[in-house]
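Please read the structure below before turning to the comments.
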Amino acid sequence: MTDFFGIPLPALLGQLLLGLVNGSFYAMLSLGLAVIFGMLNIINFAHGALYMMGAFLAWMGLEYLGLNYWVMLLLAPLLVGVLGILIERLLLQWLYKLDHIYGLLLTFGITLVMEGIFRSFYGVSGQQYAVPEALQGATNLGFMVLPNYRAWVVVASITVCLAVWALIEKTSLGATLRAGTENPKLVQAFGINVPRMITLTYAGGVALAAFAGVLAAPILQVTALMGSNLIIVVFAVVVIGGMGSILGSILTGLGLGLVEGLTKVFYPEASSTVVFVVMALVLLVRPAGLFGKEK
Amino acid sequence: MNALEIRDLHAWYGESHILHGINMSVQRGQVLTLLGRNGAGRTTTLRAIMGLTGRRQGSIRVHGEETIALPTHRIAHLGLGYCPEERGIFASLTTEENLRLPPRLSGGRATPMTEAQIYEMFPNLAERRNSPGTRLSGGEQQMLAVARILRTGADILLLDEISEGLAPVIVQALARMITTLKAQGFTIVMVEQNFRFAAPLADHFIVVEHGEVVASFPASELAAQQAKLDELLSV
Amino acid sequence: MSELILETRGLGKDFKGFTAVDGVNLQVARGAIHALIGPNGAGKTTCFNLLTKFLEPTRGQILFNGVDITGERPAEIARRGVIRSFQISAVFPHLTVLENVRIGLQRFTGTSFHFWKGLTGLKQLDARVLALLELVDLREMASLKAGDLPYGRKRALEIATTMAMEPALMLLDEPTQGMGHEDVDRVTALIKRVAEGRTVLMVEHNMKVVSTIADRITVLARGSVLAEGDYAEVSRHPAVLEAYMGTEATELQGAH
Amino acid sequence: MNRHHHPLLGYGLLFGAIALLPALGVYPIFVMKVLCFALFACAFNLLVGFTGLLSFGHAAFLGTAAYGAGHALKVWGLPTPLGLLFGMLAAGGVGLVFGLLAIRRTGIYFSMITLALSQMLFFFFLQAPFTGGEDGLQSVPRGHFLGIELANDLSLYYVVLGLFIAGFWVIYRTVHSPFGQVLTSIRENEPRAISLGYDVDRFKLLAFVLSAMLAGLAGATKTLVLGFATLTDAVWTTSGLVILMTLVGGMGTLVGPMLGALVIIALENKIGDLGKALADVSGISWFNGLGESVSLVTGLIFIVCVLAFRRGLVGEALAWWERRQAPAGR
Amino acid sequence: QISGDVIKIGIITDMSSVYADIDGAGGVEAIKMAVADMKGMVAGKKIEVIFADHQNKADVAASKAREWIDTQGLDLLIGGTNSGASLAMAKIAAEKKKPFIVIGAGSARLTNEDCSPYTIHYAYDTVALANGTGAAVTKGGGKSWYFLTADYAFGASLQADTAAVVAKSGGKVVGSVKHPLNASDFSSFLLQAQGSGAQILGLANAGGDTINAVKAANEFGVTKTMKLAGLLMFINDIHSLGLKTTEGMYLTDSWYWNQTPEARAWSRRFFEKMKRMPSSLQAADYSATWNYLKAVEATKTDDADKVIAQMKATPINDFFSKGQIRKEDGRFVHDMFLLQVKSQKDSVEPWDYFKVVTRIPGEEAFTKLADSKCPAVKK
């Protein structure tokens, strides 16, 4: 058996695969964050809280209404999207012309409020959500036994990521979106209903977060604070990829999952710090991130 | 029916009252030129037509339809194409995407130009079609700004200082373009600092001063009005 | 010292495969007003950015007073006396007019890193500042915030700030752009006045300005030098007529 | 323009009032804690408000100095002033390293690099044996300060106030110095400052190190006051907290960050009491729960602040004052 | 002799963050129940309860404690969860000479290196947990151990203490992996654990980390080859994980609501108010308050030294526990319990989660005086 720094190769492959699973969460969350940043110029700190809501909605759907995983996988993003519309219309729309810091602060405030509300209703220990029946069990890949559900996570999130990327970078709708954030008034003067477009973009971005939340529910404990642990990493992913770069955030998300997977084998204590090491290194070498365009 | 009919238009930026009752009308197929000193309110007039200022008051009819209460995108769809003073090229879009950005206007009555026609008119743009919009030089950006509203089918063009910062050859090309457009039946409202550029093109002149119209005459009276005009435009 | 204050040899700049400036050999004589003209996108602003090292040249050399300064940082070049203005007006909007100019002068006091000192030491510069403001007719506005000035006055303030640096070579990027006729004439006269005893390299579209004050003109097109000479020579040059001035050039009237 | 005539008089009155607080029955330890954070926020503001650099890793300096001073006082047994100085210098050293790495980046990337570096430092503090992990470095002795016995809360109070005034004075001086003028010009228009021959990176670096050292002074003093240093001092949320303090108070104003620190620290410490008082007065028992909802209430405050008081409390007050003055002035 | 004519009891705990469920508002309620059971009066004076959220920040905890003592005339300080916060508060209490009862914090330092005559450590500590689970599980046949450890001081000491016990009981530790706090995804660590071939997976972590680790262990089938032992788990963790995932797990706790009729009776009362069963910490909150008030009643004073002397002299015997607070270091030495999680079909009612496997006598569970690092312990 071949060894790699003392770790058998199959074991290493297994770890990399698990890294990829986490990476697909990062990718999907940072994608939403990047879309929102790109289009609204808002650093949406509330992303983690909306991810948490997605997971909670999945649980609530099952608990109170008996709606299964598949229904909630569609419904939760929709509901969170609607919430996104409210947030954008009521709060964010006043901030577009201001420095990033205000958007960050406001969405941070939203995060605290949302987490506070969920915490006071459901406590902090969280709720249990079972893996849907169709995806129970595991597949033996030779080098490891991979739970089917994790495989599904990878497939689902990569598919969604690529679809969103294509939508934004390759279609004229995407071009309109990009232009709309740069100079909304002018785009509106070309006859495009910009405010509605921006609202829907935000809704779409947070719906992605909710989708990730539903995907995460069977893997992680559903708790009020599950998003706040993640948000800062996802944030870093967006920066490493290059702020607002859609492709950058997807690839960086996946890549970072792999790097983290390796760190968990070789220096496990540092596995949540490694993202910052990577970020510092990348920014020192490439000031605008891996895929970002320098101004 | 006039293509554009403005009555007693007032406009504000925040608390400052910029336009104090503008009156003007443009017939279909005509070129109207707004003259005036820096800061007289010409750009503001165009922006007010598009609904881009703060508060507006009065009446603006586009092809007879009242637009004072409409949101900007609805106004545009009545057939207006706006080329702003600061050009407004999008940095995140390539030249080509910038060009393709404005949609076909539902109320536009003109035949939209094809991309090929546009690239023929502005070869610089064809060459730089894949580079980000704001990486174009100042002048190239100006060309792009004009070019992109020709694709929409807009039949009323609002052009703000389009000859600004352009090389003489290009300015001449633009003059020819406007003559052609006029022949095709476009209605054009131009704001120009460059009188030499504007003079041969316009059918009608309006001089704006402190947000009011202080002179208004057809091109035929230009010679007669020259003295007054010089006085109004000089310091 | 040589006749030439600034010289470039084979200066070039590529942007991701697009060559914006290509093999430019520029020679600016000491004491001259040298104009750089050319169609839009010819690479004039890029040239300025290369000369002041706001952009890194892809190839070529820059010599100032015969010294190779290609490897120096922007601030170093500025300290040699090569001071630029910007195409879009560049003042410090929240500082007063007086403070704007004083920032320029302050560097010579050697106290710029002194965070423990008060501002009284700088007050002694005020007399010189006011003299400079006088030169550009801004003395009465000395205590206004620079951001509140009208556009034309901002450009004048910029020139005053540049003057404070005692520049050996001033680089002015379209100093009259976006101005009304009155301001254009005023600024033209101002440039003429401040050019005495120093060298000016300017980018300008306004042919009236160029023809009245430029001693020498370099025409750029598509990144390289198309022609060079005084106004009479250049304006007759067939390639220049075709690429830049067009058929109306005889009227001595540019875009303004 | 009358109010500009005696700015120092105004500060004198302010500090005089603070000096009197304990005599009025205000709890001195609370005020000391507020003073520490106020200095921290002022130091941060020197960078963001007057130089235009938004650091997202300022807790690193607070934490470094807190641990540094704590270790020097407790383990090495250094005299208190030297311990504080050591903490400050340690923070300055870290600031120099961070600064050298981060200064060349601008905007959000600058913020992110400082965040990344401070997270790495946090990891170091977590792993290093001398910090005591999440239990913290406990029982740091107060000792004497230039002959003053600090065990008494009141003598400590005046020493801390003195340190705060010294720190604040440095900031005031810096802002109103030739150096401060250059910083302002960099914040307003960096390319223009470069073209005037200023090596902006070196100016930014000095500002960064100054800010780090002052933040360090705050951290070291805090350790002295509370008697311990913990990971909380170095964690990223503390970097967030100082941003909030500065914004709530008013970025780019000298007193704003102080007020912001007061508001945030009071919120953290007193909201439970406030809830109880509200419940007692109004008879609505729901308010009793306020104490458990610090973060929820904080969240609401931020939302309101961003929507309605964007320039911060002091900034809004100044703007209001100017609006009132304007018609009279013209 | 009662200062300020009122007995003021203050609790400072995590009310809003990761440990809020195991103590938090429920802990406050338990204290209020004890006060209510005293009819709100002791030695003829009123009893008042105040509480604060330290948000897991030591400086908030310490400044609040100091402020209460300095300005509110606090008579008893109760420290909830979080060791850092409790250590900081212990310093204040010692300096100000006020009784401080630690309930929720686990660090054994509180009665060792950092002991104080004014600190009473009430419910449990990491040593007791290690002794309980480590010894019982090893003796029960779990000879080889692998640790999944939070990269924090409590994780490290939990692992070290347990490893020592395992070795003493004849088992061996084959490996360990450290994970960062709030790691959220544990699959990778679990795979490493599985690769070790050990029989027992010791979870030297807490709260959300333990919960997510257990979840992932189920998902990856680790539970089929290894038995899980939670070294710092509470009933709330089991409640939120559900029996299906936790069935068969071992853990050690100081108390279980269903262990005796008295405990059951009290817990039902608690349930009425909080709509969930109490954790051991919440029961300890009640017990500590009750016994403190009894001591005040007996001594007719709120003088810290006298009351503490009285508490340390009186054996404790209530629904929470039986035992004695050690004079030397303030450790409340009482029995601990090794619990095993029931399977779903064995669970007959809500919150019926544990089977008591063994009772671990207090003397075995807690640090022996001979091993104590407390300077006040004379050797």
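Letters A, B, C, D and E mark the chains as written, and numbering starts fresh at 1 in each.
Operating definition for what follows: a contact is a pair of C-beta atoms (placed from the backbone, for glycine too) under 8 Å apart; a residue touches a chain by one contact, two chains touch by 3 or more.
As the structure is a computational prediction, the values presented were derived from the model and not from experiment.
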Would you pick out the chains that touch chain B and also touch chain D? A, C
Work out the mean Cα position per chain and let me know which chain is farthest from chain C. E
Specify the chain most distant from chain B by Cα centroid. E
Determine the centre-to-centre distance between chain D and chain E, using the mean Cα coordinates as centres, and give it in whole Å. 36
Just the number, please: Cα centre separation of chain A and chain C in whole Å. 48
Report the inter-centroid distance (CA atoms only) between chain A and chain D in whole Å. 33
Expressed in whole Å, how far the mean CA point of chain C lies from that of chain E is 74
For chain E, what residues touch not just one other chain but two or more? 16, 20, 151
Note: chain A residues in touch with at least two other chains are 116, 269-270, 273
Run through the chains and report each pair that touches. A-B, A-D, A-E, B-C, C-D, D-E
Could you pull out which chain B residues touch chain A in their complex? 50-52, 71-73, 76-77, 82, 84, 88, 90-93, 97-98, 100-103, 105-106, 132, 149, 152
List of chain D residues in touch with chain C within their complex: 170, 173-174, 176-182, 184-185, 188-189, 191-200, 202-203, 206, 210
Considering the complex alone, what residue numbers of chain A touch chain D? 43, 91, 94-95, 98, 100-102, 105-106, 108-113, 115-117, 120, 232, 236, 239, 243, 269-270, 273, 276-277, 279-280, 283-284, 287-289
Could you list, by residue number, the parts of chain A that touch chain B in their complex? 38, 172, 175-176, 178-179, 181-183, 185-194, 293
Please give the residue numbers of chain E that touch chain A in the complex, ascending. 16-21, 151, 177-180, 182-185, 187-189, 191-192, 195, 207-208, 211-212, 215-216, 219-221, 236-237, 239-242, 245
